[in-house]
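Going in written order, the chains are labelled A, B, C and D, and every chain counts its residues from 1.
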Amino acid sequence: MANLTTNLGKLVLTNPVMTASGTFGYGEEYAKFYPLKQLGAVVVKGISPFQCHGNPMPRICETSSGMLNAIGLQNPGVDNFINKPEYLPFLRKAGAVVIVNIWGKSVEDYCAVAEKLDGVEGIAALEINISCPNIKEGGIAFGTDPVLAAKVVSSVRKKTKLPVITKLSPNVTKVSEFAKIVVGEGADMISLINTYPGMAIDIETRKSRIANITGGLSGPAIKPIAIKMVYETANAVDVPIIGMGGIFTTADAIEFFLAGADAVAIGTANFIDPMTPIKIISGINEYLDSHGYSGIKELVGNLAI
Amino acid sequence: MCQFQAEQSKIINNCNIKGKYYRIDFMCEKIAELARPGQFVHVQIKNMGERLFRRPFSIFDVSDDGVLSIIYKVVGYGTCVLSGLKNGEICDILGPLGNSYSIPEIGETPIITAGGYGAASTYLLAKNSQTKGKVLLGAKNKDELILCDEYKRLGFDVEIATDDGSCGYSGLVTDLLAYFLKEAGIKIYGCGPNSMMYAITKMLKGTSKIAELSLDENMCCGVGACFGCVIKVVAKNEKGWEYKRSCNEGPVFKSNEIYLDF
Amino acid sequence: MANLTTNLGKLVLTNPVMTASGTFGYGEEYAKFYPLKQLGAVVVKGISPFQCHGNPMPRICETSSGMLNAIGLQNPGVDNFINKPEYLPFLRKAGAVVIVNIWGKSVEDYCAVAEKLDGVEGIAALEINISCPNIKEGGIAFGTDPVLAAKVVSSVRKKTKLPVITKLSPNVTKVSEFAKIVVGEGADMISLINTYPGMAIDIETRKSRIANITGGLSGPAIKPIAIKMVYETANAVDVPIIGMGGIFTTADAIEFFLAGADAVAIGTANFIDPMTPIKIISGINEYLDSHGYSGIKELVGNLAI
Amino acid sequence: MCQFQAEQSKIINNCNIKGKYYRIDFMCEKIAELARPGQFVHVQIKNMGERLFRRPFSIFDVSDDGVLSIIYKVVGYGTCVLSGLKNGEICDILGPLGNSYSIPEIGETPIITAGGYGAASTYLLAKNSQTKGKVLLGAKNKDELILCDEYKRLGFDVEIATDDGSCGYSGLVTDLLAYFLKEAGIKIYGCGPNSMMYAITKMLKGTSKIAELSLDENMCCGVGACFGCVIKVVAKNEKGWEYKRSCNEGPVFKSNEIYLDF
């Protein structure tokens, strides 16, 4: 049996499979299907300093091999997240490796969450979400502006001792430029890709299928875009990369490793088959064994050119 | 906290019952055993190709030997594909999901108001109820009317309303409900189009009666993880409301919880 | 029967359905399925001043609800295009409305093609391709740099009396900014979207499925991205918009009109069902009739908010 | 210029012939009537969901009453789905596509070298040939060997080569071909994996013999519109080669046209 241990700098995981932020709630629901500690890590839905109601309905719709969502980062706020039994305390009890995805409407907001989470027991890393396309302020605005991106990351960096992952937006011309910038400001890791801005219209009602008009596209439809961005980024920076975007099968995950991802995250696929992450963990094991690799590291970036 | 799971379920019957309505029976022992009235299942319909989502359906009935039944209306792509699946084919089913109706207490008379496929959601409730009551069935016309005989067989009075008057009362089923509102000892349940559920909510505002209403929202994960299916419920905050997940805190809501913003 | 006449500034078409550049060769092949004059217009594969061999094989692969291609703009060069019987002369004889997609490796190249085509009989418009992701020089480099984009368009504008369409790249943060820029430089119309850069890896050979490593993603997978970009652009500029990206059915085309496209182009769908454009033309007619519209214009941008 | 069209074709037979090989027969009158040896059809396989492309297959045989037959090997998703389609189902077929083998002149002896499903591409050629000749069939092992009897029934000599020697000559089928190269009056045809076709091309370099070889490239449109299926052919330019579309100027190329860059 191959060794799935995954070294992401200081962060060491038992395997390279995480759940993507926003697609796994706060873990409680999927804990009914399998023990959360079987996962490399659980990345929770984006947490802000304040409670957030999110966007009006409808918030989701199906598209060809994908989906649009504009949840609008509904979340209980950082204080409730830390204290209410169904959030962090639940995850801690479940023994999950927890990565907290954070966002805000201003640099100060990002810092406020990071500060509150610093030193709290049971958190393995922070993921700075500068790439949500579904909120009016913050989110993608930070992820598509090099100056703002740098500012958020350098500021958060000062507020926490935890490893900092920066989650990049695909909605830029050259994602590797942003990777270089945020690594320069102290990001320990890069995760990508977040959803891509999209829209779908109901031709009978003539309305957008999403109340927010536009939403974020995820699922297998965007996998080729994600693979390309991971490949480009892996060739530009030296920090660990968490790849995501349309991973539904083991083969999809292997594609990301070959493109240069050190770990992967499963998003939309959880909604279709809750067992996806577990199936992929054992699938990776089988692939490594049958192809004669002793560990995941040998696969990462091992593209034949 | 509810228990649920994914179960590979074999189709043992899939047939048209009337017009666009079908009944499908699955061998689905674990979910059938846990199912409570008003809960739903999230079905991965085979052969949907590029359409990814599961489809939610109320649990219509369960049998002691592990059969779980759904009554579904063909309204779009997924339900159309579903109607073409054959006996012996396997579907992956998640369930039982969501909360449930509370069973009427002894002495309470259930009044079930149901529109369209909503009638499927309340059948198990009627079946498990110790006191028999009334079922008010609404439909566009008599061809859209389902499950009358099934409810009668359970010993319920069935009253019918059709929009076009082709059967029973000519008008909305909520008009029928209005007749009974003043009666004592009744417990109101409802499932149907959201507009119907909101109409009932309005009728009850200012009365002391509280209905249990099942709401329909487009669902993605079905288990509470995505926040894609929320509805507004009354809350003690500056806005007066907050969002709750209809798949998790619902689909059944108390009428005094439901927030009306129109 | 509704009126499908489509006014794109000075360019008047009998209907709003074109074929997308690069997916219809030079018309000859699909002329075996139906008379080309039934189309609103035929947009031919990208023409450069020189003959171009294109990229090595493999050049195409399937992805979820889409495809990647890196043809590399193989083409006979502008002189052959004008003179050889199977190219422009064939289209002229077929009575097709011809739009010529042009590209080059430098501003001078673009100008050279435009100049050669100016005054040639049987050309209705030029489409400047500043958005091909599959060539090393030119292409997308022009479409993702505001200064270069402006330069190409203003230079070509001076070399031709024909209506000039500029085909934008989706690989930018805000496509409407580019639309504004090129309209400012004299573009008469905007077309979008070109393919989105992507990549797919064969996990057995560990090679990219495309010899060029990366390719351009097209098909239904990218439709939500295209719809969003058309919507954004239609709200930013006043010139006619030709929308494309994943149109396979009449409903897809209607979505583009509602988002703000004045005409649509069918790309990848031609490969799957050659009759797609013809089916969509009659489908649009039926939709207009059954929904009580007298003409296509009433539909354009008529989104219910 | 070739003629072709799209035809809605009903499956009238779809059965396993050996191992991973299947035969499928379509009612496909117009295409069957026009088909020439070496041409192919581009099949839209139903129920492929998110996979969009058609799949190309050589026309194996056609009958006077409009039946078009294909021999296919299940190698991936599309061919797997194809093998599950039932009689009566309809597939949209484009064809006949591409160029064709030239029929041997009177006095010419055809030597057909075929590997794997390549043997399906040359059957109609053998059938239409006035002179009988030889078929050299190559396969990995005897379980992968197909169409021996069919070629024998046409009056052709069949010689066999398997990689593992489990049937006939132990080695490459091109070794067999080498024996015949010096014979006069032969006309060489080939269809099989590209590596095999390139090997034949190499063997013939420097001789006066010209083979007609059918090459396999991944295809997208299949009709010449996308330039996705090109192969290098000899050209009088600075590079010495240019790309030609294997779906349009091919799939059959003369061996002296094929450019070898290795």
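Following the convention adopted for this analysis, contacts are C-beta pairs under 8 Å (C-beta built on N, C-alpha and C of every residue); 3 or more make two chains touch, one makes a residue touch a chain.
Remember, it's a predicted structure, so these values are computed and weren't measured experimentally.
For the pairs C-D and A-D, the count of C-beta pairs in contact is higher at C-D. Farthest from subunit C in terms of Cα centroid separation is B. For the pair subunit A and subunit C, the distance between C-alpha centroids works out to 34 Å. Averaged C-alpha coordinates give centres for subunit B and subunit C that are 48 Å from one another.
In subunit B, the residues that reach two or more other chains under the touch definition are 50. The multi-chain contact residues of subunit A, meaning those touching 2 or more other chains, are 64-66, 219-220.
The touch graph of the protein chains shown is complete. Note for the complex: subunit A touches subunit B at residues 22-25, 28-30, 32-33, 45, 53-54, 57-62, 64-67, 69, 71, 74, 219-220, 268, 270-275. Within the complex formed with subunit D, the subunit A residues making contact are 64-65, 220. By the touch criterion stated above, subunit D contacts subunit B in their complex at residues 47-50. For subunit D in complex with subunit A, the touching residues are 50. Contact residues of subunit B toward subunit A in the complex are 3-6, 44, 50-54, 92, 94, 217-218, 220-231, 239, 242-243, 248.
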